Structure formats: structure tokens, C-alpha cells
Amino acid sequence: MSDIKRVVLAYSGGLDTSVIAKWLQVTYNCEVVTFTADLGQGEEIEPAREKARNMGIPDEHIYIEDVQEEFVRDFVFPMFRANARYEGDYLLGTSIARPLISKRLIEIARETGADAIAHGATGKGNDQVRFELSAYALDPDIKVIAPWREWDLVSRSALIEWAEKHQIAVPKDKRGESPFSTDANLLHTSSEGKVLEDPWDETPDYVYSRTVNPEDAPDEPEYITIDFDKGDGVALNGEKMTPAVLLTALNELGRKHGIGRLDLVENRFVGMKSRGMYETPGGTIYAVAHRGIEQVTLDRGAAHLKDELMPKYAELIYNGFWFSPEREMLQAAIDLSQEKVKGTVRLKLYKGGVHLVGRKSADSLYSERHVTFEDDAGAYDQKDAEGFIKLNALRLRLLAKRDR
Amino acid sequence: MSDIKRVVLAYSGGLDTSVIAKWLQVTYNCEVVTFTADLGQGEEIEPAREKARNMGIPDEHIYIEDVQEEFVRDFVFPMFRANARYEGDYLLGTSIARPLISKRLIEIARETGADAIAHGATGKGNDQVRFELSAYALDPDIKVIAPWREWDLVSRSALIEWAEKHQIAVPKDKRGESPFSTDANLLHTSSEGKVLEDPWDETPDYVYSRTVNPEDAPDEPEYITIDFDKGDGVALNGEKMTPAVLLTALNELGRKHGIGRLDLVENRFVGMKSRGMYETPGGTIYAVAHRGIEQVTLDRGAAHLKDELMPKYAELIYNGFWFSPEREMLQAAIDLSQEKVKGTVRLKLYKGGVHLVGRKSADSLYSERHVTFEDDAGAYDQKDAEGFIKLNALRLRLLAKRDR
Amino acid sequence: MSDIKRVVLAYSGGLDTSVIAKWLQVTYNCEVVTFTADLGQGEEIEPAREKARNMGIPDEHIYIEDVQEEFVRDFVFPMFRANARYEGDYLLGTSIARPLISKRLIEIARETGADAIAHGATGKGNDQVRFELSAYALDPDIKVIAPWREWDLVSRSALIEWAEKHQIAVPKDKRGESPFSTDANLLHTSSEGKVLEDPWDETPDYVYSRTVNPEDAPDEPEYITIDFDKGDGVALNGEKMTPAVLLTALNELGRKHGIGRLDLVENRFVGMKSRGMYETPGGTIYAVAHRGIEQVTLDRGAAHLKDELMPKYAELIYNGFWFSPEREMLQAAIDLSQEKVKGTVRLKLYKGGVHLVGRKSADSLYSERHVTFEDDAGAYDQKDAEGFIKLNALRLRLLAKRDR
Amino acid sequence: MSDIKRVVLAYSGGLDTSVIAKWLQVTYNCEVVTFTADLGQGEEIEPAREKARNMGIPDEHIYIEDVQEEFVRDFVFPMFRANARYEGDYLLGTSIARPLISKRLIEIARETGADAIAHGATGKGNDQVRFELSAYALDPDIKVIAPWREWDLVSRSALIEWAEKHQIAVPKDKRGESPFSTDANLLHTSSEGKVLEDPWDETPDYVYSRTVNPEDAPDEPEYITIDFDKGDGVALNGEKMTPAVLLTALNELGRKHGIGRLDLVENRFVGMKSRGMYETPGGTIYAVAHRGIEQVTLDRGAAHLKDELMPKYAELIYNGFWFSPEREMLQAAIDLSQEKVKGTVRLKLYKGGVHLVGRKSADSLYSERHVTFEDDAGAYDQKDAEGFIKLNALRLRLLAKRDR
């Protein structure tokens, strides 16, 4: 065991990270600082305080914080400016939360003089990579402890046995095997494992926790508007809201209308395919709205460049490179494009679907005069099209002459 | 007027192209050859024969053909192998039909010794570009006549007056102004203009012709399966089908469940934004299914490369460069990736939504052994992850050391 | 002729643009404002004043300006930050000057209340596109007159005849056909046409004007250093210099050592291939130096992203889209990467070659400790490589298992 | 130690791999099969036979092969079709040889029933990654032994001591520390380490072994021609040659004229920067020639797509992903473009420089008629340029109207 004196742990208050806290104390003989964040996962975080105290952690080493506004403002919204989707569909709900957690772990390590951080991600997943790349990028000398890669508590029963041996309370519902595992924050809930492992089997309805089944959603569609400014959502139905409040409100709408369920087989950075279920109710609505306002306010050159850059941008976030020069370069390009992405989008929500039905903007680039079938001398000379086509065709014609 | 002897016209049999046929005879004093294609637009094409005869066109110069199978097999399916979407959403239903029409126009020009082709697209749209770039790429010496860019029949009433003066029957329903204009083929129907011109106004339901309103769709979801081989759909619910038959069947399912409506403001190649309504019922289902089978059969490297290339590929098709070396290069890369894209996808259709719920394949790359939480020595050593992360982090750590 | 009152002409003072000035007065019956820029082309610009006066242009409508510093600082250096090369080789010397000229034309149009600009580029080249796209991007209502596309003075003799008829002095050396045509500025000189038109013929030595033949260059190599700060050159051999002074000094070094000659067949934006000769003496040295300092100061992620974006960036500049949102987005990404591109590069100049022989930086990311063959516990654990390789290989192994 | 019965070793016959062979026998108690390849490294490979015999390896387990033609035909030439350069400059001479060696190692493992392969690359470099990714891609069950990552013979003296203890002859010149380490094959020689480790110090001339110092090269330039067919070189100065013979002849020309030296600080896949010296005499000439013939035979669309794909293609080869679906997809696209890349290029070689001076092809796309300044009605209508510019400018004008 390396020579670690104090470690900051990403602590949920749940059984697994409680075992980790104790295991760190026992195995590394080091002090543990806990960081519990309210990212909008929908669980009380205050109980983590008492649990930490019970493991002998002094109050000044127990960090419990609501970071929802920072999460949406500095991570989620910038990502949505890029219309990021990993592998065509995934809105990156888990990926985007990890860098924020690592950032706070490193900051707390500095404040408390800790020399290491620890997390509860396993050795098979992407989250270990995201936590650790972020941490190393922010503090190159930090040590990282990933107990799941070190210990031998590899089965559920071994873990529970160890917990009981070390006086950690094991809730009744954690005694058996869980039929799947879950991660949640304000943007999404993901589930994977066990009952989801056969990609041919339909995800059972009980796995979903954030949305009603579309079949149980209201029979009447609901119309909403979202206002944007500089590429970010600022109001719902005309009412100004902070980022986290807006996303929370959209989540409620998404839940009601069964919006944002995704059943995906994706490619992990660590090399294998996994099958997951994602619920991103508000984010799914927001993504459609953002594209909608871009339709009328973004120039074609900017829009197409964004589309070309997006897959790489999404891959960087998925793989854990939020704090990397290349992500920041792409962000600079994307953010520059959002200056005039401003206006109002109208959406229809119905039975699992989000339908863009209108958009307007004082900064619209859409020009009825140019597009109308009616004759409108001056705005557009149809004869220009001939020269445009002729010169675009020239190289193809030279090629055809050569090749025949 | 240039010296044209015989021109092959893309002839729908409708009022506009009938006026064009006559106008070509009158203005260019040339022979007109008509080509009427059944692309699955849902209208009889046989009546075009009588109309052409009425303009004095000899039978051997009247071409009427069903090209639906060629359309789906050689154009639509190759495009869907790329998961092509223009500007994030548009499935390119109009764009992909134009190269096929131009190809036949050029072939017929050769057969009939014609020196020109003509089409009925206006000078403000993309279709003129697509028709003409395709034509020039296939025959660099062909002449192209685009009457809408030449004549002065710019208002509806001028056109009708000219038609009547030249003994062209004007159907009653064509006498007034149409509230929008439409293009259709087996893949989609698009509508634009007039009532659709304000992008804030919701598209009226009567504009849609290929799908029921999701609110009128069945209250029960319907489950279907699609089988793929080498990246192309080959069977519906286990029943083998040719490409066009499969797409036709999916269209019927899409119609029934209100699937594939899209309200879009897009950027035209000729430089302005336009607002259109698209209905792509079967294509929308097919697109979800194709991504679904790729999820389990495509390697990550191939999948991500495809995602990066897609925006450019889609842009090329939208802009009319189907017959270009760069589109063919991209197609070669894409097609190579599809060799093992084979298996079955299960979908749930409900109230406008297509939900992927299962996929299986004898060529699946998904490995339950590798992904399971259970201990499985041999398949994957969790300790490998540490080295993987460490070396991925190295450059970020060197950077952080430099920058602090 | 459209209704133009006052036009700002890009005026070199030479025969062609003098004819254009007069032709504009005669044909459009409008006032002409002249703009003559010293871009470092190596010719006196002051004589243009007298020539303009002779055509009756009032002094306040004669603009003569030295814009060399602005040219290098705001156009050339930002472009070199991107390591831009069009089609692998061309350093874009002509392309990058056009937007600056158009910018001043538009600004002068505003100052003088002119409603149009005019330029002397022909209808076959790229420069017309660059001038006009820049102008339209800066003033959407500006009118542009391109006399070469309008008039019938298509042969040299017709032009000269017209000049003499209108009392424009025709220098003796302009009476005959020039064996090639030339464009020059501080960054480069390009030549094309006539004796260069057969791409199999070697460019005659007399075409080159900015560099000695490498065979006539000194037999001794010369070593120099260039200092960079934030991605831009700031000193030569330790001596601080402004951008234009630095480029001028590098040009002199390049001239002496025969550096920067390029014989290229390139693809024009207007669709055909052309063969040109370029001399970019200082720019060629500078480009090697910039890559050299990036080698030690740029992170891999940033460097590779730059390399991937470069072809598109170069194409945008070549095609005339300097003033476009997408060029500005790419510039934002590139500029962000240059913050720490700072340090000193050492180069050897010899007989046409520029050889990078050393680079150092207080912000270097190069770490001898990490790269040395010697054992250096702590800096790098060779065992990490195994996990790194194993996880990178995992998807390939799963693929190989599937495919055998 | 895992249970390995027979291992195929990439065996050069030198001291290091001799120690490895013996170490494998001793440590793993397994049989060793040796594979010694003539890749054109310029050393006799036959002596490896006797050395292998001396370690008790039976003749049927000693593989000694000349693979130069396969190397150039199936690896080097396909790579040059892409104009691949890593980080702007490196012609990938080491990277491209590794997949071929791994391919033969795997084939020999199959022939001899071996269950493992071994190589002599260290744990800090890229070569271990290239060897192993190739191996795993070709045989997912193969075991790989990388002694440098396992053993403790980390200093030169420890290695030599071990060798002498195990009766391995240590040549006199290997007793001391080498001032740098080297890798060579027909395409290039690379050197790194020790005297090269400070990137500010100029590489000493004695490090170069494949080229004369440009200052010592002939004072007269030499002109050569290279013929291409389907993108590959087929003749030198009119004389037909096989791939390896052609590259060998170009190497001799490059050596004579001091061509192809490169001093580079590059980014390794394993995360750190390293400084290397490369000599690629023939490859440097060939690369200029290939671009030269593409200039006249490749369409712009194909050429620009190739330029955009190149950085990723080069990175894949550098990182060891030759045998990956994405490299094969890119190769399919590139190869399709080379069908008509055919003709003759003329080059001038002088004092370290390769200057393209002419190119011709029966399949040239260059059209003097289109590019000439002379009036040539029919080939090109200058008035088309106006429409071309107007429509390209339209979106920029709409943007400018919006933004003012």
C-alpha cells in the first residue's frame, strides 16, 4: 500500500461508498474526507452526514453540497450548445457529471491537504476513466484510489459480509442482488446490468423511474415554449428561470409525457459494448428546442461546422476528456457560434414525442422574401442559379470528359 | 435560343410539366421526349402517355417506367447505410431521388439522340442543382434547359393563361393558388411554401398526406421486427421482401402510427433558409432499425468513423453531388463497414414514436461475459484499466505540471 | 447599366486598373474613388496619386495607404497559427491579402458615401470570389463591379487600343504580351499563365523575382533563431521586431538562400485546375519555425485537432470565406491553442532548404525524464503500458473472435 | 509465469533479442521460434540462423525471410497513396513496418502451433503498441510477451552481465553505452535517445547513416522521372521496377543528394513527447512525386476529402491500428480515388531538396482551354462567375443584414 495520509472520497452515503470509506480507513490507515454532492439525483444527501460521523469522520471533513446550478450552467448547457449525442443517440447524462465531481474532489483535497482521492466506480466501466482523467488534468500529482480495482470484495455477499464485520449498516433492500444498477443526476438516470444484459429483451417498465410509460401519458398534447439567449435556455412558457430550475421544470414535463427513454447498446471507452437504459426527460425536450432555435438563427457555415465537429466533441466527453485542450478548443468554436442563438421555440409534447412546431427570433436569418415562390425582383435573381450550377459542375464535367 | 434539336423532359404529366413540354416545342422549336417515372409518388403515371400523345409526341419518345426497386436498392438503401441526416434531422427524401431521374434522362438522351434535357425545378431551390450536377457529371456535353429560370410565366395566372392559349387542359383544382407545393416518392413527401412560410406557425394537419396525426393513431403499440443483411433491410416480421416492397410495407406501418413527420427550417445550397414539412414514414422506422442493428454488429472504430463522415456525406447528397468522386469514396468506406451488419431488430411503434426495444445477431460483438458485473476471470482484467487510464492521462498531467 | 453614383476601385496605378478607372467613369458615368495599398508588393504606390489626378479624381477621393503591419498582424500571422496549407503545399499568399483589401474598400465606401466597389480580377480566377465574398459579408447592400466580366476588352490589343483612345499612358513594356502574370505582396509573389501553362514544362528561372536560384545561393548554411509568443513570431536572432518587419527580414533571408519556390497545379474554387508558381521566402521559413515551436509547447490533443481542422480552414481562406462564421469559429479554436506557444526555434537555411535543428521553451511539454531509456521509477511505470494496450486491443479482439 | 509452451520471437540476431530468446527459454521454460525478416534494414539476416542454432533452436523453428517486396507493395505504397504524414512531417517509416512483422509472427505461430509471440520493444515506446494491437487483431487468443516490461535487466550493464552468464556472445561495440538507438527498414532509419534527447541541440552529423550531409551533396542538380499507375510508382527514369526495387533506387538517389533528413519532436501514443531523427531518402522523393501526379489526375472533391481524412489515417498507423476496421474503411476510400492516378512526374534533386518541376498524364484533368487568359468562348463563360459568387454570398449577406 502506498503512503497515503488523507483521501477525499466521492461519497453518496449508500452502502457501497460507505464500505469504501471504511475500507480506506482500514486498509490504507488514512484519514477519509467525504464529499457528497446534490446533482439532482433525487435523493436526500443530508443523511450522509450522520453516516460519515459514525465512521469517525470529523465534521470539518464532511462536505455536503448542492451543486445543481453549477452542474447545469457550466457543464450541461455548454454541452447542449454543441447538440452533443454520443453514437447518434446518447445525451451523455452520466459522462457530463463526472468532471464536476472530480473538480470538487481536487478542490477539497487542496483545502484539506489531502494527497489522494477515491471513487466507487468499477474497473469495467467508463466512469473510472472520467473521474481519473479529470482529476489528473486538474492536479497532476494527485493519487487516485479505485477500490473496486484493488479489493477482493467482488461478489455482493462478500461485500455485505465485510460491511457487517465492520459495523456498517446494511439496509434490508440492499441484502439481495439488485436486478440492475443505476446512476442519476438532474439530467438523467441510467440503468444497466442484470435484467438489461440481453440486448434482445425489452427493458421492463419497472426499470424506468423518471418517466411514465408513453402509453400512460396524457391523451392530450401539451404545448410549451422555451426562450433562448446566447444558446442557453432562459425561460419556460415565458417565465424566466435559472438553468437548474429550467431543467427541473422540463424534467417534470418530460416525466408526465413519457419523454426521453432510450434503450442503447453503446461502445465503452474501455473496449466492450454495453447495453443501457437512459431516461433524460428534460434534456430530450431541451435538445429539440436548441436545434429549433439554431434553425433560424445559425448561419449554414456555422451550423454545418458544428455538425461536423459534434461526433468528436461528444466522444471526448464520453471518454472523460472534458478537461482537455481539445475539448476546450471545440468549446471555443461552438460558443462563438451561439452569440445570436436567441429567440423562442414552440414544442408539442405528446406520448413520448417532442415535436418542434414553431420558432421565432428577432435575430432570425430566415427571409420570407428570399424563399417565396412569388416573384420578388431584387432579393434573388433566379438567373444567378445558372452560373452557380455551371461552376459547381465544371470539375465534374472535366472529370466526365476524362473518364469516358 | 441555342440550337437544340431534341430534349428529354422529366415529365410528371401534371400541369406545370405539360406547359413546359409545349413551351419547349414552341420556344426551342425542338422535339420533346418525355420521361415519366414511378418513384412511388402514389399517383398513376400511365395518364402521362395520353397527355404526351396529345402534344404530338410519338410513342417511341414517350418513356414511362416503374423505377421503384432501383430507387430503393441503389439510392435509398446505400444512403441509409450511412445513417445520413442533413442538419441533424432531414432524411433526404427529395435529394436522393434526383440523381436517379437525371441518370435516366441522360440514358434516354443517348438512346434517342437528344442533345438536351429539361426539368421543372425553379431557380430558387435545390432541385435544379441536383438535377443538373447529376446530368453534367454523367454527360459533360449535355445541355440543360430549366424553363423556370428562363421564361416569364412567373405568376400562376400567367402560367394558366399560357396553358389555355396553347390548348393544355387545366384541371379545376389547379386553377387557384395551391396553399403549398409538394414533392413525393416512395421515401417521402415534402411540402413547402405559402401556408408553411412563417416558421412560427404550426403546420396545419391537412398538409400531411402520408401519415395520420399521432393523436389519431392506434392506442395500442405495435411491435415489428426487421431483418438486415450486409447493412440492408431484407425482411419484415420474418417475411423476406425486396427493397421497394419492404419500404412500402414500412410506409404503411408509419402511416398508421403517425410516424415520420418533420417540421424543419433548413439551409438550402443556394444560400437561403427555407421551411419545409417532411413525411418519411417508412424511412423513419428504417433509420432507427439500421442504427439498432449496427449497435451490436459494428466495431467502435467503424461506428465512430461513420458518425464523423456522415455530416459531409449527407451534405453532398443534399447539395446534389451524388455522382461525385468524394461521395463514391465515402460510400466505399461506408459499404466496407456493412459486411457483417446482419441480424434482427425489434421495434415498438406508438403514436408517432419508433422505439428500439431489442436487437440480436449471429454476428454480434456484444459480449455479456465482458460487460457483466460478475467476476469473470480471464475475459477482462480490471487491473488493466489502471494502466489504460494512466497512459491516457500522461499528456494531461504533463500539461497540468507545465501550466500551474 | 445599373444606377451607380460613386465606386471605390482597388487601384494599383498600373495600366489595367487605370483602364478600369476610366472605363467606370465612361461607362457608368459615376465618380471613382481609388484605393491603393502598399501590401509589400515591392512597387512604389505614390505614383498612383498623380495618375488618379490625371483622370480627374479629386484628392480627397485618392486613398494611398501602407497596410503592411495590419496585413501581417491581423491576417498572415493568424493564418500561420493554423499551419495552413492549401492542397498540401500552398501557403495562401494571394488568398490572404484579398479580404484586407475588400475590408478597406468597404470602409472607404462608407467614408465617401460610395454605393459600389470595383476590382480588376478576371472572371476565371479565385480573386474575384475572394474580393466579392469579403465585400458582401461586410456590407450586404454593396454593389460590386467586375469589369473583366462585363466589358469586351478581352484581348491585350483591344485593351491597349481603348487605353490610347482614352488618353491613358501605356508604358512601353506593357505594349506586348507579358509572358506571365503576377501578383505580389509581403508574403509572396505568384505567377501564372502563358509560359507556365504546360504543367510538364519546368518554370523558367526568369519567372522568379523574390529568390535566387538555390544553385546560386551561398555555399555556407546560415543559422537563425526565431522567438515566438502566443503563437506569433516576435524576434529574429534575438532582436524584437514588429510582424511586418520580421516578415520583411525573413524574406531577405529567404531570397538569399533560394527558399520558398513552389511549382503547383492547384484546384480553383471556380472549378478548373491551374498551374502557378509561388515564391514565399519568409513565409516558408516562418511556417517551419511555427511548427517547430508547437512541437514542444502544444499538447497532442490540441496538435492533432489542429491538424484535422487545417484542411478545411485552408480551403475556407482559399475560397474567399475569411469573413465567415465558420472561419471565425475555427480561428477561435486555433487561437485558444496558442496561449503557451512561446519559445525559440533554431533553423538552418541552405540552398533552398529550411531545416529545423532546435527548439526550446520555458513552456515546454517535453520531459526528458519521461522519455529516457534509463530507469526512472516514478515518472513512468512501464507496466502501465500493458493495461493500456490490452484495453485498446479489446474491441479488436472481440472483432477477430467474431470474424474468424 | 503463465503457461506458455512455444513462443515466436521477432528476432534480429542482435544482442538484445538474443538475450530475449535465451531469457524466454530460461524464464518461461518454453520453446522459442525465431522470425528474422529482411525489411531492407541493410544488415545481413543470415547470421541470425547460426545464433539461433546456438541457442538450441531446431532448424524448422528458425524463420529467415526477405519480405521487402511485400513490405513496399502491401504496406508502404498503400500508405503513400494517402499522402500520410504524422504531425505534419513524419513519414511513418517505423510505424508501417510493425504490422507486417506481427502478421508474420501470427502466421508462424499458427504454422508451428505456438501459443505466444514476443518482441523486443520497450515499455515506453509506440512499437510495443503497434506489435501487440496488430497481433491481437489477427489472433484474439494469442499471448504476447514483452520482456522489457517484465524483466529487471533495466540497465545496459545488467543486460550484458546476464548475457555473459548465459553464454551469449557480446560484440565489442555493444559493451559500452550506445549514444543513440536505431531502427531501420527499406523506408527509413530512425534514431533516438541519449545524444538526441535535448531538443535544442542539433543532431550530430554522425547520427545519420542513410544520407550524405546536404552540404556534401553534388553541386549539380539531378533530374529524374517517376511513372505512376493506379497511385503507385512503377518506373524510374522510364525503367519499370517492382515496388521494393523502385524504393531501393530512390533511396540511393536520396542518399546521394542528402534528401529526407528530419529532426522531429513528436507525440507518442503512450503519452509523452520524444525527439527523434528520421532519414527517409527514397520515401521523401516518392511523397513529392505522388502529390505531383495527383495534382493533375485527381478531382478537387477527391483531393480535398483525402486531405481531410489524412491526419486521422496517419494517426491510426502511428498508433498501431493498421489492422482495424476504420483504417480499412479509409483505405477503401483512398484506393478508390487512385484509379486514374497515372502518368509521369519530373523532379529535381538538389542539396537536400526535392523540387517538383513537371507532371503529365494521359488522364490529366488539367485543361489549358479552361484556364487560359485568352478568350475561349464555349469552354468557360466568365459571366457564370457572377451567379456563382452571388449565391455563395447570399448567406453571408443575410447574416450581415441581421448583424448590423
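Labels A, B, C and D are assigned to the chains in the order they are written; within every chain, residues are numbered from 1.
By definition in this document, contacts are C-beta pairs under 8 Å (C-beta built on N, C-alpha and C of every residue); 3 or more make two chains touch, one makes a residue touch a chain.
These numbers come from a predicted model, not from an experiment.
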Comparison of B-D and A-B by number of C-beta pairs in contact, larger one
A-B
Here the gap between chain A and chain D, centre to centre from mean Cα coordinates and rounded to Å, is 41
Approximately how many whole Å separate the CA-defined centres of chain B and chain D?
42
Calculate how many whole Å lie between the centre of chain A and the centre of chain B, each centre taken as the average of the chain's C-alpha atoms.
32
For chain B, residues contacting two or more additional chains:
267, 270-273, 299-301, 304, 312, 324-325, 364-365, 367, 370, 380, 383-386, 388, 391-396, 398-399
Once you draw an edge for every pair of touching chains, what topology comes out, line, ring, star, complete or other?
complete
Within the complex, which stretch of chain D touches chain C?
83, 87-89, 122-124, 128-129, 132-133, 136-140, 146, 148-149, 154-155, 181, 193-194, 197-203, 214-215, 219, 221, 261, 263-267, 270-275, 291, 295-296, 299-300, 303-304, 307-308, 310-312, 315, 320, 323-325, 346, 348, 350-353, 355-360, 364-368, 370-375, 380, 382-386, 388-389, 392-393, 396-401, 404
Listed in rising order, chain A residues that touch chain D in their complex are 299-301, 340, 363-365, 367, 370, 380-381, 383-388, 390-392, 394-396, 398-399, 402-403
Sort out for me which residues of chain B touch chain D in the complex.
267, 270-273, 299, 301-302, 304-305, 312, 321, 324-326, 328-330, 332-337, 391-395, 398
